[in-house]
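Same chain, two partners: chain A is paired with chain B first, then with chain C.
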Partner chain A sequence: MPSTNDAPLLRLTGVTKAFGSQTALQPLDLSVARGDFLALLGPSGCGKTTLLRIIGGFLSPDKGTVEIDGRDITAIGPEHRPINMVFQGYGLFPHMTVRENVGYGLKIAGHARDKREPQVNAMLEMMHIATLADRLPGELSGGQQQRVALARALVMKPSVLLLDEPLAALDLQLRKSMQSELRNLHREIGGTFICVTHDQSEAIGLANRIAVMNAGRIVQEGTPEDIYKRPANTFVAGFIGDSNILPLMRRSGVCTLASNSIASDGPDAQVAMMVRPTDIQLSEIKPTADICVPGQVADIVFMGDHVKFVVVIETGDTLAVHRPHAECDTGWIGRGVPVFASWSRNDSHVLDRT
Partner chain B sequence: MTARSLGWSIFGTLMVAFLVAPLVLVVAFSFGENPHATLPFGEPTLKWYRKLFAGDEFWNALYNSAVITLSVGLLSAVLGTAAAFGFVALGKRLSEAGVRLVSLPVMLPPLVLALALASAFSATRIPLGFGTVVPSHLVFTQPFVILVIYARLAAFDHALFDSARDLGASRAQIFLTITLPLIAPSLIGATLLAMAVSLDDFVITFFTIGGGMTFSTLIWGMLRTSLDPSINALGTLVLAATLGLSIVALKLTNYRG
Partner chain C sequence: MRDARLRAIAAVMPSLLVWIGFFLAPLVYLFIVSFWRVRQYRLVTDATLDNYIAAGSEYQHAILFTVVLAGFVGLLTTVLAFALAYLIRFHAGRFGNALLLTVLTTLFGGYLVKIYAWKGLLGSDGIVNRALLETGLISQPITWLLYSPIAVVITLVSFLLPYAVLPINAALRGIADAPIEAARDLGARPVRILIDVILPQCERGVLTAFALAFFISAGDYVTPQLVGGPETFMIGNFIQSQYVNRMNAPIGSALAVVTMLATLAAVALVSFLYRRALRACST
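Showing the complex of A and B:
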């Protein structure tokens, strides 16, 4: 391992990409530290896959540079980058056994059979696929294929491992177990992983850093907690977790919501207040709270681990409120009942509208 | 069995008999003593084969047919594969139009195609011979290879090539280690099919070969001079070769109907 300095392992500077007249990436900077597990999260068409393919070398940026360990690799093809990728759909070679698939990169690199066999075996052991070594990919389940794809990339000891929607092809149960396995793997080998996903729960469950992308830009980058608790704008707030977004006007540093005045620094503008459904209290009599809005229960939905109340507040906006079952059993609350919805200023954020 | 289904069974059997009987007769007469190729067959004998093998004409035709069939097979494989790669690279709409265009000669009446080729060679004063027969055959054998390989390549998961590249393979290495092994069965099958079609062809060969004889033009020549069962012997050999090539080809390409 070279240098223990703080310089990022991977650095993208001013990277842009357009396909014809379609802009896929706006000028974009990104730094990834050694040992990070970064998730590129965004809706389809946001440019996250384009960004991943630029890092992998499968696309070259129109402008900007890609550096790894301080070395400019912008002009270097994927076959010469110290980066490996696990493709969506895995791209396993159907005519080669699991062992041959995993050994392919080492063989191409010119390692003799007796030199590569121990490495291949160790990797098969680590991914728990040693017993499948002589099978063909067509004889494996989706989860097993994914392990082979991971083993095939990791045996190359890449500086950065790229994962394109790694769990998308798996069913729900398997996705959950592979998710924790991927986390463990990352911890065990201490590598640097970058994964692309459109699934916010996957990003939160896998990564220690998330870059939320929209329309070819990174709109916010930070830890999952940062992004969940302090979303930068209404797009991020709406994309990560459930949230209520109430449009407001800010005039002379004050926003008004029903009879509440909320101090908010910034120029006069259309803004929005974001509050998570779990952070809202419902009460029969007016409580003392930072923010309190009268309304009426429009619907009550049993959601399994909680109950969802749909409340239409005085401003005409609709709030989703998640409460534990116990609160529903107290009797006073029901469909059509007037309520006070309240929350603390700390649990809500005034955001720029996007 | 009802009367109706019995009726259909008889009809079907008759149809098959009608189609197969001439072939069976060709083969049967080739092994019979009767020199007029008429019933009865006479004693079983190999003398017509012996007669056939005794003449220079047969060996010349064998040599010519072998040269043409093998050249056509090899060139169809190489050029057809290259063309299929080119078409795949063109993108869906252009490539489908292109594949259709190169398949046209298969649908043209052979006589028209033969006439067109012969006129073209005469207009450009290219002397007739192997140099004209082989390219003429390619016109209608190549589409088989192009169609089969194009369909195979178009169905490829692109992540295969990306993965191989990602793992360090050059373009040549990707072709040799991934693409070629995966298309090999289709390619061999399509090539054998092209060879079978080439070996069978009479009309286009006749119009474009000039002097020499192949199996098919030899049969035609023999029909005009003699009518003894050595023609049947030759016919049987061509039939066996064509069927053999086709069976192997269909097996390899997994052709189903």
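Showing the complex of A and C:
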């Protein structure tokens, strides 16, 4: 079937999965465009790994279809899918050298040694592991093993590359450098990557699209900016980045927070206002702002690149406020001091409670 | 540093002494006696090779027969044990442990109990023959089932199977799921995964299982005596007879030494072939 560049490369329709009485995936649709780097983000047990394994072919869905390039591959096993996977913990063959690991897929595909060696060598060069070619995986560091696992999958030129918690096993320093390397790799080879992670900063740093999952559903899908700036509900808001979530009541299109009235469309319900800690101003005298709440500074924490103020506001809720150091140095602010916390309507969102 | 080393030596000392006193020393004595002679039912110190010449000429056949039969038992036991352990590890799911426990409960039945059980099963009037006669599949009882090398093989395999399952089970449990799934992801079919990923990683377990079954079979003299019939003599029977009936410890010792070397060589050969075969199959 011919495909245009507009059609999604990978399309999941109405996919469900249950393990015994445990529902892992609610009916779920997902489209991934060619060249996308999609992150499936969610807490453990949200179904993201199940979804990845369904795409890889290691699990078959109870209902629904998986299509790639318009072709239904639901019933096809992983050995016949044009999809390869980098496993959590890498899954390298411990008894094979780096070169044998990387060349294994091509060997199985029936490429003769002299045909596959150049491809293997090029891949080893690209992943900067050519000097390790004759070592065994047990002799490599975590980061080096990660490169071997990537090389082993990428040498197969997969239509879609799946990554299961690719950076989870690395220490913080290495994780950061591997993160930018993965991004560069994706840009260089122009492939389609799908990555599973529970780390929101990793998802934001890696992917150009994020699907946030909770309890077997995709709660929100969009660019990292979309999801950060316009979270669909309190779950997404709480999961992505730091946020303050203030419970409110909406009555006849108006929410009330202290003495502020905030217009909000929708039926009468329990809702919440979300505002990022960096978007809140603190001042000694009452400012003119869209939303302003009096409170008291309960704690001041030095966080390195910023200072975190913990403010208990009139409603009894606690706000986290991140401000630059300079503001702390002006002298008026201190623990126990009464303050006005204020922010603009544009920086806050009224969300459905989940 | 020195304290730690002293403590380590002290910790292994008791078992080391037991090993030296009850295994190494008798073995050395056995080796020395194999160069002695017997004169008028008494051991005489000597440095003769006559015992080895006798072992090489008169008992050549018995040694060869023993190595071949024990090798066959070892091979069959290892293959069956691997199949069972593979089933437990990869296909039995949560019934795996129950299955393993069932295999291990057969260890409660003693060695002799199993031999007599097989006598009852395989004899001319045994359960197997009676069942075949009743169903009309045969009109005369099959006589070669009992008192034959086949009976020895069946009995030894059934006795050794649970022992052989243990090291293979441990080795298979040590193999992570991810490399197996990765091989599948890279296009390998189950047989290829077995040859390329699973067997190389459980080499030690498989060879341990084989060595266990092979050594125990090669040294056995009770099973051939009870179910092997008048024609099936393994080298253990001859060694026993040299010690007990003929009071000729030197020839018995020489036979034991030769058998030991032959079996060690056989296990070394099998280890070598295992690696070679896997390498040959993988390319």
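Simple rule for what comes next: the second predicted complex is superposed on the first by the 350 of 354 C-alpha atoms of A that agree within 3 Å, B and C clash if a C-alpha of one lies under 4 Å from a C-alpha of the other, contacts with A are read in each partner's own complex, and residues count from 1 in each chain.
The working rule: contacts are C-beta pairs under 8 Å (C-beta built on N, C-alpha and C of every residue); 3 or more make two chains touch, one makes a residue touch a chain.
Values in this document were obtained by computation on a predicted structure and should not be read as measured data.
Peer 1: Should the pairing of chain B and chain C on chain A count as a clash or a fit in the superposition?
Peer 2: clash
Peer 1: Does the superposition put A:249 against chain B (first), chain C (second), both, or neither?
Peer 2: A:249 contacts neither chain B nor chain C.
Peer 1: For A:87 in the superposed arrangement: first (chain B), second (chain C), both or neither?
Peer 2: Both partners, chain B and chain C.
Peer 1: With both complexes superposed on chain A, which partner does A:189 reach: first (chain B), second (chain C), both or neither?
Peer 2: Neither partner.
Peer 1: Looking at A:104, would you say it contacts chain B, chain C, both, or neither? Reply first, second, both or neither.
Peer 2: Both chain B and chain C are touched by A:104.
Peer 1: Given the touch rule stated above, what does A:269 touch, chain B (first), chain C (second), both, or neither?
Peer 2: A:269: touches no partner chain.
Peer 1: Show which residues of chain A both chain B and chain C reach, each in its own complex.
Peer 2: In chain A, positions 56, 58, 77-80, 83-85, 87-95, 104-105, 108-109, 152-153, 156 sit in both the chain B and chain C interfaces.
Peer 1: Please give the residue numbers of chain B that touch chain A in the complex, ascending.
Peer 2: Answer in residue numbers: 157, 159-160, 162-170, 173, 177-178, 181-182.
Peer 1: Quick check: in the complex, which residue numbers of chain A touch chain C?
Peer 2: Where chain A meets chain C, its residues are 56, 58, 77-80, 83-85, 87-95, 104-105, 108-109, 152-153, 156.
Peer 1: Within their complex, state which residues of chain A touch chain B.
Peer 2: Those residues of chain A that touch chain B are 56, 58, 77-80, 83-85, 87-95, 104-105, 108-109, 152-153, 156.
Peer 1: Name, in rising order, each residue of chain C that touches chain A in their complex.
Peer 2: These residues of chain C touch chain A: 176-189, 192, 196-197, 200-201.
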